[in-house]
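In order of appearance the chains are A, B, C, D, E and F, and numbering begins at 1 in each one.
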Amino acid sequence: MPIVKIEMFAGRTHAQKAELARAITDAIVSIAQTTPEAVTIVFEDVEKDNWAEAGKLASDA
Amino acid sequence: MPIVKIEMFAGRTHAQKAELARAITDAIVSIAQTTPEAVTIVFEDVEKDNWAEAGKLASDA
Amino acid sequence: MPIVKIEMFAGRTHAQKAELARAITDAIVSIAQTTPEAVTIVFEDVEKDNWAEAGKLASDA
Amino acid sequence: MPIVKIEMFAGRTHAQKAELARAITDAIVSIAQTTPEAVTIVFEDVEKDNWAEAGKLASDA
Amino acid sequence: MPIVKIEMFAGRTHAQKAELARAITDAIVSIAQTTPEAVTIVFEDVEKDNWAEAGKLASDA
Amino acid sequence: MPIVKIEMFAGRTHAQKAELARAITDAIVSIAQTTPEAVTIVFEDVEKDNWAEAGKLASDA
């Protein structure tokens, strides 16, 4: 039932995403007292042209 | 005014998305009593590397 | 695996949401060829103060 | 702290996104009284096959 | 067609949201070359218990 | 820069959210190689009337 959406800059490897999925699911299961099967995680890769902080695109920073 | 966001694995065809858009809009119009023009639907195609259930990426399952 | 997020004005009844959940799940199962168990739907009730079209809050329209 | 997510049809240029990021950040800073550093903006480019109004995909309209 | 979602701490007034809706819609219309009617803005008020930076809830910072 | 959105049933305590924020931030910092300050987490509490699995609202299950 928990749904986790993670927006990060593109470029993380398959191995990093696999490890993140495992670690975050473990944290939610133990702290929020649910089952692993109930946890869905969706990653969204964001290009530097599509992310701005302080009014400036990351691709221009 | 209703905005519907649908995250699914990539691979659905144009025809499937067109049929989903029509069927879901019809359901919302008749059940939630609004007009078709008020309904916006956005599909988001998710790769198997970007989706995890039970702590495991779908591309590893 | 499909996750559906529906943002609507607050005020829909429990019965309307139950009927929407059933109808939209049925449409996704038959058109996108998945199982009912794979479909998650999340409703988000939005107040008229929190929604604007054409630059005007719905509560002022 | 404000996070702004903007879903638009794909096709806006880098220059348009840079100008949008600056203008929207300026508006939030002056109206909501925060600092530029606190404002994050994420653009999401949506293909016409992934957007429907009134039950019809934009690519079919 | 652009949909803008703004997550901010709860506490902004109706007048601030109305002014934000107008200013952001104006910016999108002039920079992204669309019409005001095509712009939808949704505000989401977030409590300090529901927001964390650097691993710490804003209500504890 | 990573933004994490967590949708869960309402009812988690302040202490559980604080611990989740710390654990998930730690996981992202060590696995995705970023700094704690770059990680934003937003929790969204969802009522059982607003969540459906397999076409049935959680409040009816």
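In this section, contacts are C-beta pairs under 8 Å (C-beta built on N, C-alpha and C of every residue); 3 or more make two chains touch, one makes a residue touch a chain.
This structure is a prediction, so every number in the text was calculated from the model and none was measured.
Taking the definition of touch as given, a chain qualifies here only if it contacts subunit B and subunit E alike; those chains are C, D. By the residue-number overlap criterion, the interface of subunit D with subunit E counts as same, with over half of its numbers used by both chains. The equivalent interface to A-B, defined as the listed pair sharing over half of its contact pairs by residue number with it, is C-E out of B-E, C-E or D-E. The mean-CA centres of subunit D and subunit F are about 24 angstrom from one another, to the nearest whole unit.
Chain geometry summary: the mean Cα position of subunit C and that of subunit F are 20 Å apart. Residues of subunit D in contact with at least two other chains: 3, 7, 24, 40, 42, 51, 53. Pairwise, the chains that touch each other are A-B, A-C, A-D, A-F, B-C, B-D, B-E, C-E, C-F, D-E, D-F, E-F. Residues 3, 40, 42 of subunit A touch subunit C in their complex.
On subunit C, the positions that touch subunit F within their shared complex are 14, 17-18, 21-22, 25-26, 36-37, 39-45.
Considering their complex, residues 1-9, 12, 16, 19-20, 23-24, 27-28, 31-32, 51, 53, 58 of subunit B touch subunit C.
Subunit D contributes residues 7, 46, 49-57, 59-60 to its touches with subunit B in the complex.
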